[in-house]
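Order of writing sets the chain letters: A, B, C and D. Residues in each chain are counted from 1.
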Amino acid sequence: MDKKITIYINSKEYKVSPNQTIMQAADHLGFHIPRLCYHPKLSIEGACRVCIVEVEGMRNFVASCAYPVSDGMKIHTNTQELRRARRDIVELLVDNHPMDCHTCERDGNCELQRLASSMGIRARHFVGQRKQYGRDLSGQAVIRDPDKCILCGRCVRMCSEIQQVHNLTQAHRGFDTVVMPAYNMPMAESVCTACGQCINVCPTAAFLEKNYTQELFEKLNDPNLIKVAQFAPSVRAAIGEAFGLEAGHNMEGQLVAALRKLGFNYVFDTQFSADLTIMEEATEFLERIQNKGKLPMITSCSSAWMKCMEQFYPDLIENISTCKSPMSMQSALAKTFFAQKIGVDPKKIFSVAAMCCTAKKYEAARPELDVEGMRATDIVVTTREIAWMIKSAGIDFLNIEPETQDHPIGMSSGAGVIFGTTGGVMEASIRTAYELYTGQTLVDIEVESIRGLKGIKEGKVVMDGQEIRVAVAHGLGNACKLLDVVRKDPGRYHFVEIMGCPGGCVGGGGQPYAGVNSIPLDEDALMKRAEALYSIDRAKTIRRSYDNPDIQKLYKEYLQRPGSPIAHKLLHTHYKQKFPQGIIPKEALK
Amino acid sequence: MVEMAQEKMDELRTFIAACMQKEYSDSYLIAVLHKAQELFGYLPVEVMDEVAQRMNIPTAHLWGVATFYHYFNLKPIGKYVISVCLGTACYVKGATEVLEAIKRELGVEIGQTTADNLFTLHEARCLGACGIAPVIMINDKIYGELDAKKVVALINQYRKTAQVA
Amino acid sequence: MGFQNTETKNSGNIHFGMRIERKATVPEVHYKITLCDGTSCIRKQSKQIHQILDQELRKRNLKEVVSVHLSGCLGMCAKGPILIINPGYVMYGNITEADIPEIVESHLVHDTPVARLMVEENHLYNRFFRIFGDVDFFGKQMRITLRNCGIIDPENIDDYLSVRGYEALAKVLTDMKPEQVVSEVKKSGLRGRGGAGFPTGMKWEFTAKQPAGEKYVICNADEGDPGAFMDRSAIEGDPHTVLEGMIIGGYAVGSSRGVVYIRAEYPLAIKRLEKAIAAAREHGFLGQNILGSNFSFDIEIRLGAGAFVCGEETALIHSIEGSRGMPRPRPPFPAVSGLFGRPTLINNVETWANIPVIILDGGEWFSGIGTQGSKGTKVFALAGKVRNTGLVEVPMGTTLREIVFDIGGGIPNGRKFKAVQTGGPSGGCLPEPYLDTPIDYESLAKAGSIMGSGGMIVIDEDSCMVNIARFFIEFTQSESCGKCAPCREGTRRMLEILTRITEGKGCPEDIDKLERLGAMIKKSSLCGLGQSAPNPILSTIKNFREEYEEHVNQKKCRAGVCAAMLSYTINDNCVGCGACKRACPVNAIDGTRKEKHHIDPNKCIKCGQCYSVCKFSAVAKA
Amino acid sequence: MVTPLDIIKKKRAQAVARIISKGYLSTKRVYVGMATCEIAAGSKDVMDIFRQAVANGLTEVYLSQKGCAGRCNLEPTVEVVEEGKIPYKYGKVTPQKARDIIERHLKKGEVIREWLI
């Protein structure tokens, strides 16, 4: 234990641990110093200067996020001069920001707005030139609006430090600084993986998902279409937050009911195809083991990860499972098996996915995922978008009577549920693969070693005397670290799960914005969302994918068996190397 | 022309390869960009792409660096680069009038190149020739004790030289 | 030119051309006497000695052929009063009034130096007296950092060796432990010459105390203040001094790697540094086992690329690392975690150049020069509206007046002094009442400016203070890295407000807004650039508020600089020659030949062409 | 044992010998300022005139470049130093002035007073 030191905040004496910043110490003591560019998961920037405090003996104010406490330090957090300085700083940011809060998607959910309000800014004194760069709407998933950017740099740090995609940079300098991809190229041509984490950490609306709510409302009102919905596991674990609930509430039943109220004819569940993914993926994995195929096999459900792999790790393409993501499997079935089942023209089926993810918008537009010439998933909306639609449609989400999903592609096992959190796919796969390989049922089905928020997790299972070594990474930065190990030592693992977002899908780029007293991607919130999923799993009687009766029925009636030709046609895909601007083919480099 | 570019590219590759041998090779990015600009006159996108790839530096990072430092040209430059010193000594002695005269004469703003690709106008922060302020530099040559009239004459002189050549 | 007697030293209005004319008609000066006019010597009766000397010269009719100059402190206080006679650089010390007749008689009349009064000096500074003689430009100067500049061939290491070059290094390696070197530097009282004035010895000590391992020594040669060129001249004139200082620094803090970070805009300085490094390697001053010792050290050059903010140490480190040169919050200080995350000692060119002298002449000697809190000398780049522009090095404690009027020769063209600007874009403008401020870190700060890296711009009545403030904020805002909000947004707003004022669109609240923003930016910005960016504005508002108020309230610019507030009219002097009409780029001038012309104020763009072409003073601006 | 100080003393002696062997002890030494500011003001051309003169047989002159002494407004500067005399310092030297300095001062010993600083 460190010896405690004495500090004074606003003339009151406190004993605190050394080796922490003023902000950390103040947080523990109940002083919430206003802040903007600070994020606990990112490097310290010290840029916004909103968190300045006065330290006696220092000529200037110091940034409390960066300045360490020391014994005897006398800190003031709320003097009149400080308040004025902070107010002026925030006012300067506001003065270089469009005055369009009423028409802004983040109205009411904007950190700048909250700050401005808490600073008591009541007039604009320094209006002058305002940045006007225009929006970049090129991306399938992420749109960029530099006019709303206040240059806190959280997105840049997120993109480079946590995700290690390095798509964003601050370009130019001074007043002309703009966050952009290299060469100011359109997001669509860049190395952006569409993970949407920039949106998550942005305090304003400088990054947003491409919004499809209006288009969706239009389709929902089209009586000629059969509207089918699916929603990802972690949507149910997080959507409550958009309605003011604490993190960790399971809102599955309410969501099903709300989707029906919005006008969907059928509400299915991505968890169903998660079970299906397990069947296909476990089979593929065992085949690779038995036929000495390319190992380790790497999961393919995360769309951001797929883009990342195609541009940065093309050498690993053969290691990637050929399985489509659960969303795309679900949509493929909706337009084939389900259409056939209810006897309608598949062209009349309108398939919508509510996802915790922004990259799924990008995935849905991949031509290789089309089924019989049709786009499989017609529209992808994020948790945020669907929550907004529910509100907009006047549905009393919190008090609604819960409902259940539709057959035949809506029921899921507990294994399908935990897909939403890091390690979940691996755990679910092990449950099924074990049975398929050994013919015995795995008794202790909870694999603790691959749960939790550690960046890279390892585990092993013994199947019939054979040791299967697995590894799990979440967040593309951790993925890169893990894959660099795989590149060097391909024999080290048999099976690798990778999720593009921190925490897995629960931390997806499309999840609700942080509330008033929270921060984006707060670890506590991620854990609570994950825990919601684990508790659904625990509560289920059926916890293994192959035990899901609807899955068994699907194979019996339509797909024959995992890995059959028809399963391959509908449920599998292939990847090829991508060359966004800045990635030069190896041959061209000599 | 293409061959020359190839030759320059090879020279740049050799330079990069030498930097990559050193410890903290990333830190030589600015040196490499200097070299590239010395060879090509500016930083073409293809060259930046190649530098990024060869140095194993994210393109966005490189772009951030290239745009941060005013020394780097991101667009092709004219035959003559006119740098107008706006240091304090020059300013006090009338650099603004000189600058305005050049702008008027060439019809360009700072950072732009004339349509005939002859002149690029830059501003400079103290060329260190304060004794003969106000000064401008055309390519590597410094001209001092200028005024609006002298500078126009000077530009015309360069135009004539270019015509002859 | 040495015949200017000291009585006129403060008049400051002797025109150069005049002197040259007179020069041709007077006999050649045979002897030049320099009398130390430092505080210590004055205390020891140097004034009286000066008087006696003058009487003696008069008595012997030597006034025409012997010139007497007063100099700033010569750093020989222990042996003062000091008197030097050139040519020959004969130095007399501990002289009394009684000694003067003997000196005059023996040395000046009979050409025989008085051996019993001669003192030896083996200090390194002020060698220029021997070379240049003493002129009034140099008289008040004391050259420690620039001791070799303009004297030796900077591209020839032999020249440097011949003036005790690398002897300090050898001394350190022969009989000083690293701790002793650090303590010598501490003893000297040297403070960082880059602007902030942090005690150099303490910086060295911090770095030295870090656990052993890879450490770096950096020379900050990213001199970016507009109008400052001290470091460039120092490197161009004497690159080895800087290298020697760095090698000694490396030895003291336990580093084996040095980096010089220099502006790409200084090609000649870079070339000379490269040459000097190569020569130093060849002679074994750099590389493995320097001069046969166990100490190894090498230096590489890294170029900047046009970013003023890279003069800030953490930004500089980022730039060397190949990133955007943006500062980061401190702590950790570079001494703990600097280049590549390693302990790093950063000093600027001028600071390094002092080191060999401190080692050879001793920290104690060095600490005898200057004032209580600021020791040694400071180099200034004197520019603007002053007769003698150029580089000057003066002991701390010299007054601004001495620099502007004695060394700088005052304001040319009979104009009136208005302000002196020190510290470049981070400094302030000091008007007449502050001219007797002694130059040291604290006094300048108290007066509302800063020492800065050494730019000194003299401003006369033809300059508009609002416009000057605008110039500096335009500079800082365009050099702001953009990282922290107060500097990025705030300096732009200040520029906008000032632009508005100079365009005649200002309102009274604008001055308050400038003060409000300025105070906030100063206290809240991340790095020194932002923290000092408002200084030129705040100091001009403080000292020249009436000019701001005139601009705002009466839309008047008393200096006639702010074009928007000017109007050009043609008065009755007009003879109708038509020159103005032809010169006008926008055809705003009308009039028939041989009749009075007229300017259409709506068309006029206030370019001033008519004003400059008119030979009859018929164009008036107001 | 040979200490670094011993080494440096030897090196200095060698350096001085080398400088002398280049003609330092000539009756006249000419220094031309060659810093950026001086070059900007035209000192390169001036230096060339002196170099040519030496190449063409001007003897008893030691020619060297030097850094900036700080007299910016008077650049380019040229100094003529004779042992035991107060040095002569010419300001604003043009190539023509340089030729005259060679002809009149260096060859004939006539100081051109009106060009002195």
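As a working rule, a residue touches a chain if its C-beta (ideal position, glycine included) is under 8 Å from a C-beta of that chain, and two chains touch if they have at least 3 such contacts.
Computed from a prediction, not measured in an experiment: that's the story for all the values here.
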Most centrally placed chain - per-chain CA mean versus overall CA mean: B
Between subunit B and subunit A, distance of the C-alpha-averaged centres to the nearest whole Å: 44
Centre distance in Å when subunit C and subunit D are each reduced to the mean of their C-alpha atoms: 26
Intercentroid distance (Cα basis), subunit D paired with subunit A, Å: 73
Between subunit D and subunit B, distance of the C-alpha-averaged centres to the nearest whole Å: 34
Subunit D: positions in contact with at least two other chains: 36-37, 39, 71-74
Interface hub residues of subunit B, defined as touching at least two other chains: 61, 64, 68, 127-128, 130-131
Numbers and ranges of subunit A residues touching at least 2 other chains: 170, 172-173
Set of all touching chain pairs, with the criterion as stated earlier: A-B, A-C, B-C, B-D, C-D
Footprint of subunit D on subunit C - complex, ascending: 1-2, 20, 23-24, 29, 32, 86-88, 128, 131-133, 135, 137, 146, 148-159, 161-162, 164-167, 169-171, 173-175, 229, 232-233, 236-238, 266, 268-269, 283-284, 290-293, 383, 387-393
Subunit B to subunit C touching residues, read off their complex: 24, 26-31, 33-34, 57, 61, 64-65, 68-72, 86-93, 97, 100, 104, 124-128, 130-131, 133, 140, 148
Interfacial residue positions of subunit D with respect to subunit B in the complex: 36-37, 39-41, 71-75
Contact set on subunit B toward subunit A in their complex: 45, 48-50, 52-54, 58-64, 67-68
Contact set on subunit C toward subunit A in their complex: 307, 324, 328-329, 331, 477-486, 488-493, 496, 513, 516-517, 520, 522-526, 531
